[in-house]
Amino acid sequence: MQKIILDCDPGHDDAIAMLLAAGSPAIELLGITTVAGNQTIEKVTRNALAVCAVAGIRVPVARGAAVPLVTPQMVAEDIHGDSGLDGPVLPAPAFDLDPRHGAQFIVDTVMAHDAGTVSLVPVGPFTNIALAMRLEPRIVERVKSVVVMGGSYMRGNVTPGAEFNIYVDPEAAEAVFRADWDVTMVGLDLTHQALADAGLQQRVRDLGGPISEFALAVWDFVGSTYKRQYEFDHPPVHDACSVAALIDPAVFTTARADVRVELRGEWTRGTTVVNFANAPGMHHSNGTALEQTDFRTNIAMRLDHARFSDLVVDAIARLTAALT
Amino acid sequence: MTVKMILDCDTGVDDTMAIMYAALHPDIDLLAVGSVWGNVDVPTATRNTIHTLELVGRGEVPVAQGAAGPLLRKDTYFAYFVHGDDGQGNAYDGAPVGPAADTTAAQQIIDLVHANPGEVWLVPVGPLTNIATALALDPELPGLVAGVSIMGGNALAPGNATPVAEANIAHDAEAAAAVFRAPWPIIMAGLDVTMKVVITPERRAVLDAGGKAAQYLSRIMQFYGDYIGQSFGGWTATMHDTIAVAAAAGTLTINTAPVVHVEIDCSDGPSHGATVCDLRGLYAGFPPQEGAHCRVLLDIDESIADDVLALIAAHRGPGEES
Amino acid sequence: MTRPIIIDTDPGIDDALAIMLAAASPEVDLLGLVAVAGNVGLDRTAPNAAALADLLRLDVPVGRGSALPLWRTPTHASQVHGENGFGGYELPASTRVLEPGVPLLARLIEQSAEPVTVVAIGPLTNIAQLMNEHPATARKIERIVLMGGGTLDVLGNATPTAEFNIWWDPDAAVRVFGFGVPLTMVGLNATHQALVGPQHLPRLLASGGPVAKMVEHLLSGYQDSHHEQGAGMAQHDSLALAAVLDPAVITTRHLYVDVENTGRRTTGMTVVDYLGRWGEPNCDVAFEVDVERFRALLDSRLSVLDASLKEDR
């Protein structure tokens, strides 16, 4: 089993990631930490507890950073609505929060477990992770791997060049990519392949039960905002892709690259500048590309949609069975 | 009416003087000290801080170890060439010290500020990493402190780490940006004033004639004054950090200190780490700036040096003769 | 009805093919060539432009433009184009007198009865200087068709996010994209589809004349075709020319494009509003390429040109 801490800002696709992490027999979900991102910290934290209540998830939930480390805050209500999880009915929380700050929870948990056993899965802005690194630098060598949802090597969504999670706290993102641990970047290039298409939604519908209903309501809402904002026919299930990688590494292919976050550009603040080790037909050997030769990051490339769908369906099925 | 204070230090020679002053002054209630990387690495700063407090009979003041490096970047910049390899001018007396507190510098700030709402001055005199960390952990902090008195930055004076930036700010510009942007009252005791209050050999003699703590301070200042003296005409020590303490304590006579907008340059260009102060009101007597909350010290009475040295020189430990 | 064009160029292997294509095409009236530094230094690109004009028997003025970017320090791509810019292929040195480049651009634009299309296949320094020094003249340009930039699947080649021409002088690019003259951007995302190897130019190579010989050498000498060994070499510049000759060779979308020139690692990136929501459209951005149509165009035109040059000997 892979021990993970899921750091998230529910958030529609965060909710699906929570279901996958809690429902998969290959994952031991040590805790959930929340970070401001899709909505304010109060809203995303309340949403995290609500998803736990829907799905019968019982793990520590710790509330984390309310604002990015240096940048003023922004939220994504155009995609996720005023509550951050508009669409489904959200029950009241079934348990109290862990009293610790999310970053402290991460530090305590990583230090308490054996080195090389706990992976971090940040699927919101990386503020808590950067803060945890600063609170206890030793977690960098103890963490097994970091599988993020964020960035892109082709495009942005909040600006033409920047993806939302990185854009909200680019300094934190740069600190996470630069640290000496194993990072996999699951960016828009991969997650735009992970569509909740008709086939996947039907399989989930066939499961029946309150979790199935919840997931469909999630996809219904975010499907409509994605249609309006990005002209997608089906919503991408971004965050669950990162969790999926820890269940089954074959769920997507990867390529090695040196990733740096642009902090300065007028248009490109928050852009992940990805220099692939083996870029086909490319000579990235000019200017600052010469500094980007530390090909330590794994970039998620091509998704096996069938495998991914199987994991999501299976996790929801198991959680549903455990409810009864 | 005592002023409650939490210091945050990268002890450091001038930090040592600042800690002594804060610990000994009858009108300062030194609640705790946090250590930070900067002049030296954080374990050395922690040790030197505890040692200094014990030396002046204030070993009960808790010292919590803080950040080992900048908030977000990887590179650390130490100044052993200024403060000595031991942070005490290569003259550390080797005395064993008591333990540090079982908390972090950032958490210590949060806990004490909440326990003393509206009363505590934070006085950071090293890189602002711990303060920014505390802010990140507790965004309500700005509304609960009395103020933040920073040794750092430079408005009109040249820089020291770079031509236009002072070391504390330059070495963790992102932390400084977060601290200066937060809505709390700030006093910036920067190079504009701290380079003008100098410890000459004459002033140093006051310490040599004082008690053991003062003599120790004088000894550790030798190496420091040799380095600083290169910017002046001979052995000279500056007392940067103590100015920030005195400003918070209200023991400093301040002549010119406008409240202005201050922004930190985080860009990586030649002015990285510069404190960009809006001093355009200079020619009109500094009209008020809406929303500004940083009081930038531009001119102070340098007799503070004599007050500080006299206080430290007067201290006698148990068993010491006057 | 021929369309007057001026080519601003840094020959350059793929520039050479583009100039040949222009010389071979009756739809365009090539008014002149203006050299800019870029692929190699101006002391190479200017004589190369002149030597090409000689080879192709072009009776047009050749200008010597900017050696340096507007203000940054230049570097060159000699590892791609070889030290002499033609992958080692030697042409006889020209004895032409070269005019100053930016004044030549201005003169040709002013003197043309019909509005001129400027085909910019090197860094945009000359064009930006024209806009700065002769803005009224620059506004008379009908359209600038530029080879530069990239989007989505291929953002950059010089750096991960910047294509070489834009990267070499990003401030000039900012000026050009923001000036207001209609633009067509043929970027890497399009040109990387336009792969041409010797196998795609059978008629030209069979012709065997001076153009054929040079092209054969150039296609084997270009160092950018890593994994594309066998698939061919991306014909960046001649795709831009081809788009002028036959618009059906590419499809475009009218979008807003700006250039990043303040980023630490992203300077030179063309910021393409691919979703159409961040700014007022100012540019026709190339996306798809009809590769077969492009190859056929190249082969047929160059083989006819080659034949005509053989006969005149």
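By written order: A, B and C. Residues from 1 in each chain.
To be clear about the criterion, contacts are C-beta pairs under 8 Å (C-beta built on N, C-alpha and C of every residue); 3 or more make two chains touch, one makes a residue touch a chain.
These numbers were taken from a predicted model, which means no experiment stands behind them.
Comparing chain C-alpha centroids with the centroid of the full set of protein C-alpha atoms picks out A as the closest.
Contact analysis places A-C first among chain pairs (by count of C-beta pairs in contact).
Between subunit A and subunit B the centroid-to-centroid distance comes to 40 Å (mean Cα coordinates, whole Å). Chain geometry summary: the mean Cα position of subunit B and that of subunit C are 59 Å apart. Centre-to-centre separation of subunit A and subunit C, using mean CA positions: 42 Å.
Among the residues of subunit B, those touching two or more other chains are numbered 268. Annotation for subunit C: residues touching 2 or more other chains are 264. Shown for subunit A are the residues in touch with two or more other chains, namely 263-264. Residues of subunit C touching subunit A in their complex: 75, 77, 79-80, 152-153, 155-162, 164, 167, 192, 223-228, 234, 258, 260-269, 271-275, 278. Taken together, the subunit A residues at the contact with subunit C in this complex read 153-155, 159-161, 230, 260, 262-269, 271, 273-276, 279-289, 292. In the complex of the two chains, the subunit B residues touching subunit A come out as 67-69, 71-74, 104, 106, 129, 132-133, 136-137, 139, 174, 177-178, 266-268.
On the subunit A side of its complex with subunit B, the touching residues are 65-67, 69-70, 101, 103-104, 127, 130-131, 134-135, 137, 171-172, 174-175, 178-179, 263-264.
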